[in-house]
Structures are given as C-alpha cells and as structure tokens.
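Labels A, B, C and D are assigned to the chains in the order they are written; within every chain, residues are numbered from 1.
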Amino acid sequence: MATIGFIGLGAMGEGMASNLLAAGYAVQVYNRSAEKIAPLLSKGANATATPKLAATGADFVITMLSNDAVLESVTLGDDGLLAGMKEGAIHLSMSTVSPDISRQLSEIHARHKTHYVTSPVFGRPEMAATKKLWICTSGNPAALAKAKPVQEAMSQGIFEFGEDAGAANIVKLSGNFMIASCMEVLGEVATLAEKNGISPEAVLGMLSSTIFACPMYQRYSDIVLKQDFEPGFKMELAFKDMNLAQTVALKSATPMPFLSIVQQRMLSGIAEGRAQNDWSALSLSARRDAGLPLSRFA
Amino acid sequence: MATIGFIGLGAMGEGMASNLLAAGYAVQVYNRSAEKIAPLLSKGANATATPKLAATGADFVITMLSNDAVLESVTLGDDGLLAGMKEGAIHLSMSTVSPDISRQLSEIHARHKTHYVTSPVFGRPEMAATKKLWICTSGNPAALAKAKPVQEAMSQGIFEFGEDAGAANIVKLSGNFMIASCMEVLGEVATLAEKNGISPEAVLGMLSSTIFACPMYQRYSDIVLKQDFEPGFKMELAFKDMNLAQTVALKSATPMPFLSIVQQRMLSGIAEGRAQNDWSALSLSARRDAGLPLSRFA
Amino acid sequence: MATIGFIGLGAMGEGMASNLLAAGYAVQVYNRSAEKIAPLLSKGANATATPKLAATGADFVITMLSNDAVLESVTLGDDGLLAGMKEGAIHLSMSTVSPDISRQLSEIHARHKTHYVTSPVFGRPEMAATKKLWICTSGNPAALAKAKPVQEAMSQGIFEFGEDAGAANIVKLSGNFMIASCMEVLGEVATLAEKNGISPEAVLGMLSSTIFACPMYQRYSDIVLKQDFEPGFKMELAFKDMNLAQTVALKSATPMPFLSIVQQRMLSGIAEGRAQNDWSALSLSARRDAGLPLSRFA
Amino acid sequence: MATIGFIGLGAMGEGMASNLLAAGYAVQVYNRSAEKIAPLLSKGANATATPKLAATGADFVITMLSNDAVLESVTLGDDGLLAGMKEGAIHLSMSTVSPDISRQLSEIHARHKTHYVTSPVFGRPEMAATKKLWICTSGNPAALAKAKPVQEAMSQGIFEFGEDAGAANIVKLSGNFMIASCMEVLGEVATLAEKNGISPEAVLGMLSSTIFACPMYQRYSDIVLKQDFEPGFKMELAFKDMNLAQTVALKSATPMPFLSIVQQRMLSGIAEGRAQNDWSALSLSARRDAGLPLSRFA
C-alpha cells in the first residue's frame, strides 16, 4: 500500500486520516498543534515535525486546512510539503480554498514534477469519521486516476470536473452557497409564519416533509427552529467561503443576487457578534429585520 | 355518500374531481367553459349551469379557481355558490388565493350558517390525477373534521394550521416562494459554472444527487439545464403568488429579501415576454445578467 | 375672484389655504376635526359642515388628504364633494395618492361634467406656508389651464405631465423615492465612515458641500448625523408612498432594485417600532445591520 | 519654489501638472508612454526616464495612476520613486486606490524617512485643467501642512480626514459610490416614466430643477436621457472602485445594500459588453430589466 502524508488534523482531518489508516495506508501526519495527533498515533500513524517531513517519501500528501494563506504557507518554503515530495507524487488539496490558489499551486507543482489534485469535500465531521463524505475533484486526468483509490477510502462518492484545478473549488463554493440559501429561505418562512401567528414548527414541518422532503431542509429546519447554533461550521468560516464565491462571481462577470444577500447576511451577523455561531445563525437576520427578539425562547 | 359541488375544472380540478367520483361521491360540476366538463360527465358527474346550482343540495362545495377575483365572483351574487348552499354545508376553497379573501369569505359564510375551509394544495396536474396532492388546511375545527374525508379522497397528506382561515393560504404561498427560491439558486449556480467553463450538468448533477438529493432540486435542475419551459405553472400565475406573498409580508412587517428578489426576477421575466413560460424560466435572469445568450442551445 | 372649497387642513393644507385667502380667493373649508379650522376662519375662510357643502357653489375644490381611501370617501357619497360641485367646476387633487384612484375619479368626474386635475406637491409645511411648493400636474388640458392661477397662488413652480390623470401622481411618487434613496445613501456612507474610525460629520460635510452641494443632501446629512427624527414626514406615510410606487412598478413591469430596498428598509423600521419617526430614520437600518447602537449619542 | 516630481499623465494628470507649472513649481514628469509628456514640456516641465529620476531631488512626488498595482510598482523597486526621494520629501498619492495600499506605503515611507500623504481628488479632466478639483486628504499632520500649498495649486478646496492614511481613500470611494447611486436612481425613475407613458425628460427635468436642483443630478439626468455614454470615466474603472468600496465594507463589517446593487449593476454591464462605456451606462440595466430596448433612439 502507498504512503500518505496528512497535514491538518482538525475535526474533519482526524476522521479522514483514520479512514486511510483503516484502509491499510501508511500515514505520516503533521499538525501545527501537536496534541491533536495523539488519537491517530494510537491507530498507527507516524508523527512528523514539519510539512516537509510529512511529505517525504509519500506517494500522496493530503492537506485539510482552514484557508488559502495556510495552504500556501504549508506548501511552499523550506519546510513546506513541496520540498519533501518525490517526483510524481500527488498533493490532494481537500480544503475549501479559492480556485486561484489551486491554479497557482497546480502550476508550481507541475514545475516540480509533482501533481496537485483539487479535491474538496462535502460533509460534517461525523460524516468524515464514517466515510460518508462527498468529494468533488479536478486536475490532471492521470493524477486523478491515481488519486481515486485514496479518495474512495475517505468518501461515499467522487465527482470529476475536468482539468482546471480551480473547477472543483468552484463546485464546492457553489454547494456552500446553496446550503446558505436554504438557511435564508427557512429563516424567512419561519419568520413570516411567526409574525402571522402560525406555528413555524408546523409550517417547516409540513414543507420539509412534503415538497422539500430532503435531509438538508429537515436538518436546518430543526436547527433554525431550535436555534441551536453551536458550531458546526462557524459563520466566520462560512463568510470566508461566501467571499470566495463572490470573488469567483466578480471575476467571471456573473451577478448572483442570492449570493450577495447571504454574503451580506453573514456580514451583518458578524457585525452583530455571531462570528463564532454556526453559520445557520444567518437565519436570525430575518427575525431581527422583522422586529422579533433574536431568541425564540427568551 | 355525500354530494359535492365542484367549481373550476382546469388541469388540476379535473383530476381532483375524478378522484372524488372514484371515491364514490356524487359530484355536480360547474365550469365557465363547458367543454372541459365532458370527461367528468362520462365518469358520472352531473353538469350544472351556475355555481349556485352546483352548490344546491351539496354537503361540500369545492372551488379550484385562478385568483381572488374569480373566487369572489363565483362565491357571491345571485348565481354564486353561497346562494345555493344549505345550512351547515362546507365550502372547501382549494385555490391559491390571498389570506385576506379567505378571512372575508369565512366571515360571510359564518353569517350564512355555512362554513369556509381553506384548503390549498401542492402538486402538479399529474399529482392531482394520481391522488398525490399535499393539502394544507385551516378554519373552524369542526368543519375541518368534517372536510377531512373529502380531502383524503384527493391527496396523500393533510396538514392543519389552526382556526385562522388565512393561515393555510400563507403556508401555500410560503411553499411556492421556497420553490421559486430553489429555481433562482439553481439558475445562479448553473450560470456561474458555465461562465467558468465548468459543465453545469456536472455541477447540478452532483449537488442534486448528494447534499441536495431531493426531488425538487432534481426536477428543476433538469428543467433549468434543458430549458424546457413549457408550462407547467405559468410565470404570470407564479408572479401573482409572489405578489400575494409579498402583500402578506408587507402587512405583517416581515422583510424577506429572497422573496423580493424572486418577485423582481419574475417581474423582469414578464417585462421581457416570458409570462406564458413555466415559472422556472426565472432562472434565465441569471444568464441574462451574466451576458449569456438566453438559450443554451442556440 | 373665484370661490374655492378646501378639504383637508393638516400641516400642509393650512398653509396652502392661507395663501389662497391672501391671493383674494373666497375659501370655504372643511376638515374632519373642526379645531384645525380656527386659524383660517380668522383669516376670512368660511367653515362648512361636509365636503359637499365645501364644494357647493365653488369654482374649484381642493383636497389635501392622507390616502386613497380618505380621498375616495370625501369625494363620493351623499355628503361627498362631487354631490356639491357645479357643472364645469374643477377638483384639484393635491394629496400623494395612487395613479389608479386619480384615473378612477377622473372618469367619475367626467360623467358628472366636472373635472379632476391631479396636482400633488413637493415641499414641507413651512414651504406650504411660504408659497414655496412645487406642483406637478396632469389631466384635461383645458382644466389645467383654468387651474393654473390657483396653483400659482400656492407654489413657486408648476410642471405639467400630460392628460393622464395618473401621470402627476407617478412623478410625485418618483420624487419621494428619490428622496428616500438619498437618505439610504447617506446612512450607508455615514455608517461606513463610523465603522472605519472616520468622522461621519467630516465625510458628509465634504460630500454635501462639493460634489453633492444641494439642499436635499445638506438637509438630510444634518438630520442623519444629528438623528433628529421628529417628523417631518412620518415613516408610516412614506412607507405608504413607497408601496404605491412599487405598485406602479409592478403593474408596469419595471423592476426597481433601489425602490425595493428603501421599501424593505421602511418595512423593517416599522417592524422595529419607528413608524412614527421621520422617514429619514430609515438611515438607522444601515447602523443596525453594521452592529452599531441605534443612537450615536447613547 | 519647491520641485515636484509628477508621475502619471493621463487626462487628469496633465491638467494637474499644468496648474503646478502655472503656480511656479519646477515639475519633473514621468509617464509610461512618453508621447503624453510633450504638452507639458512645452510649458516648462522636465522629462525623466524613470519614477526614481522624477523623484530625485524633489520636495514632493505626485502619483496619479490607475490602480493599486501600478501605484505599488511605480513606488517600489530599483527604479521606483522611493529610491529617488530625499529624506523628508512627501509622496502625494492622488489616485483612487485602496486604503490598504495607502496604509502599507505609508509605513514603508516612514521607514525611509519620507512621507506618504493620501490625497485623492473629485473632478473630471476639465475640472483638473481649470483648478476646480476637490481634494480629500489624510496622513501625518506635519506632512499634510507642508503639502497644502501644493494641493491648493491644483484644487478649489481641501478636506482633511485625520492621520489614518487610508481615511481619504475611503472618503473618495464613498463619493464615487454616491455618484453611482445617483445614476441608478435616475435610471430607475426614467424607466418607470417611460414604461408609464410619461416623458422621462419632463420627469427628470422637473425633479433635477426643484427638489434635486444640484449639478450632479442635472448632469447625469442629461446623460441618462441622451444616452451619451462616451467616457468620461469608464465603467471598468468605476467597477474597480465599487469593488474597493465593497472590500472596505466587508472588512469593516458594514452591510451596504445600495453599494451591493450598483456593484452588481456594473458587473452585469461589463458582462454585457459595456466595460468601455462611461460608468453612467449602469443606468441601462434598469431599462433592460424592464424589457425596454437598450437604446432610446433606435
């Protein structure tokens, strides 16, 4: 079996690395804060001291990091993963980052005779742990083919989007935009019901079990109604993603009014102190605009 | 079995009335243009010459009409259904109309010692024909209880929203707003993909089979991509519904930015000549704003 | 000199009627609440007990009322002004009302062989008192010509917009929309400055004395910065006007995104309890969205 | 008199440099494309071969360039102006750039013992030529005091906004946003008039001579009605400014709905091929959304 360097062991990365170990891969891990590594070491992973060392000797290097800047710093430089990668090795970039950073790193890798495969995921930590992630991927076709078994060891499905390294990032950002739009719709409908003396539970209960009988609407109807905004996925990170999506939209001359609204909603949420809430707290903006107290239970 | 007057035999009404006949009810029908009645007569319905006559002797009178004004004219006046209804009979108002007309007619019925039960439906004509409609209903509890078997004969599920005659209308309008929002999201994402050189089929294909694996997203992804805008549900009627929803929002002081956008999208679609298209043609606005030709296949 | 019936003696009407008296017209006044009439009686006006009596014998009847419904009730019915008007007399409708009510009343007047001249005004009460109003007018050309001296006695300028009785109403609504947009712009810019540690007074002070050196920007910069929201013109009335403008926009298939925003801003302001503030309090929405305390001076 | 280096001789820069020469300053000019320099040489300016040489020996260096990237490249590097500046000399940065680049360059200058004074201008080329510009400025107070005579030689008024080098940029961006909002309002009102059969010339003619009797509204009413979109100020540059303003808004958590709309309007205009039109062509979006032909005169 191949050897895999894994860099970035947050809530998502831990489950993903565990699944690689379970699939029989040798996994050498690196994380900025070392205490996150312990559970993986007990499952057979090897700890390394730098991204470069995590990449040394590996057939694949996976990054699961918080943003463009961290990805860039972990990839480049003397201690960066690129410095450790052997010829022909593949960097699987699985974070939600901009298409631009993917295109830039893809070119740098090509000059190093290594490969960059864009490979962001949909799913929450518990889905990462149970191999239920969805992967969207793009990049060099031969590299994609080689990366597939590794992706399969972490997911329930893989979707390819061509050679443009940025393509899979755009798909991932589009998906997050769709989820944010779902939250906004639910927030508006719940507020309209409440202001008209109708039970929001009854309204969202019906709609999410009939014409919108899908897990996304059911899950977020529940969260919006219970106002259980423990993250999950923090609004400040979701806002970063909306900004990345808007940047893609601006560069490609694509006006997206719903995207502008959810971006502005999160901006207002952050201005009002909800940056650390789950991103579904954007549904609170509809309540506030309608003059309702933020809490339904106060 | 009870006798039912059925007024309004459009694409929806025909299937609904057929199911009532199949359930064993005596059905006396009225439609403004008589030729629509023929298929139902062959199934055992009786034709009547006025709404009043359709209501005469009936235990229930069902209306399935295009808007508030038609509902009002069919209900009131010398030849209106109210003039024919016997004491204790129930008017099941199943069209998508405003909560205000429901509240007004509910009071008028109460003075006549008859009942008004709001009972709009979700579903397309083929769902009406196959008894797959979803019904949301509100009004006097005793009348609701009596109406339930009739509703069951036309639907796969019934959801109650209390005594306010307008409540079920608000739920129906909320659902249509949610569907329109789904169309807008799909239009924006498909356009973003196309402008970035990514296959919209691949993007919507992935997203509607993974995180948004629900029939609504699958159905409208397909329509948006194929641009098959044969109605269905005409944009001019959907626009009427968005206007009704906005009126509810304005009266209840509920700002709804997504609703404002889909309303304005349809307004623009109508201005550009798409009033007779299916309402999903609102997805074209995103293409147009992005400078793409309206047709993907020209 | 001609005789004029004047109906509606609010803050605006009082100044306008005074100017008519000063110009030598005989003025017979009617107001729902009689105490408002006293100052005018002392200037030579005659009190009347009904709109009909105010119109009886008059060459012109002026209405200055709060909305469509009041205008309609004062015009029609047994005690309405129409019942008192002599053949050829002219009804100068000077309130901010919908173009539809103007068109309807215009037809009714034509059947009575009287005239309806639409004639709304721009200006605040102190401008009404000092004959500084601006009038926009439309209707039958011969009637317009006859009405001109009367309009001149109350204004500093008159602008004609053709035969459509609704036209001048649309111009008036457009103007109010422009003012509301000015308020929103000032609110956004002041908030951006404050959140960036720059003096809003300095920013609006510069911009309203250079590139936007016009009274409207200067006046509302001052109000927005001092947060002096004593009405003036109440937000609930301004909201009514935005709704009328939106109705015109919807009927004529004219998407107006800025109008949608100021309408929704006022809706939110009303939801939050600011219906009785001056309409310039819509500028508070920008502060609130940005997480600033509503008051700059708390 | 002091010596001034002047870098960037576009339509604006030429007039500004001419005024400096007229005031008696020694002016040494640099422009990327040398042919622009000829008229100034005939008025007494000296040509230089690099930004560094333009700055060498000068008491002040003025930059008037198209964006952040050009400003940065002209300032830094071996041939950059910073390499030529003597201790205590002042860089007057007069372009419309981001507050961030101003803050960065301000720090770099401080380390070089030179000064960066932010000093963007309002006004068109003919105003630059006739010394009618308005200047907003911020930075080190002592440097501001020294720069004032130079600024006075090019303008009719100077407004100070404190020590933050970015402040004056934010004021400039705010002003451009206000102008764009004015254009959008005029576009919406003109379209509403046209769609209702009312002369847009009459409507904007009245409003811009009464309640909005200010040069900005008069000028752009005229342009919007005549559709004379020869730049002026190109939409692609104005779009850049809206993006800079939005970046400031996002960083400072300030939702600005009007800004979002004008930004998206320009984005759509660019998507539809109007990048090289005057920015007032954003008014065409309202026509297009309303189904009117883009040209009023076709």
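Here is the rule we go by: contacts are C-beta pairs under 8 Å (C-beta built on N, C-alpha and C of every residue); 3 or more make two chains touch, one makes a residue touch a chain.
All of these numbers come straight from a predicted model, not from anything done at the bench.
Q: Tell me whether chain B and chain C, two copies of the same sequence, contact each other through the same residue numbers or different ones, using over half shared as the line for same.
A: same
Q: So which chain is farthest from chain A, going by the mean of the CA atoms in each chain?
A: Of all chains, C has its centre farthest from that of chain A.
Q: B-D versus C-D: which interface comes out with more C-beta contact pairs?
A: C-D
Q: In whole angstrom, what separates the CA-based centres of chain C and chain D?
A: Their C-alpha centroids are separated by 38 Å.
Q: Could you grab the centroid distance between chain B and chain D? Build each centroid from C-alpha atoms only and quote it in angstrom.
A: Here chain B and chain D have centroids separated by 53 Å.
Q: For chain A, write out the residues touching at least two other chains, lowest number first.
A: Each of 249, 253-255, 257, 264, 268, 271, 289-291 in chain A touches at least two other chains.
Q: List the residues on chain A that touch chain D in their complex, please.
A: 243, 249-250, 253-255, 257, 260, 264, 267-268, 270-271
Q: Looking at the complex, which residues from chain C come into contact with chain A?
A: It is residues 264, 268, 271-273, 288-291 of chain C that touch chain A.
Q: What residues of chain B sit close enough to touch chain A in their complex?
A: Touch residues, chain B against chain A: 99, 122, 134, 136, 157, 159-162, 164, 166-167, 170-171, 174-175, 177-179, 181, 184-185, 188-189, 191-193, 195-199, 202-203, 205-207, 210-217, 245, 248-249, 252-259, 261, 286, 289-291.
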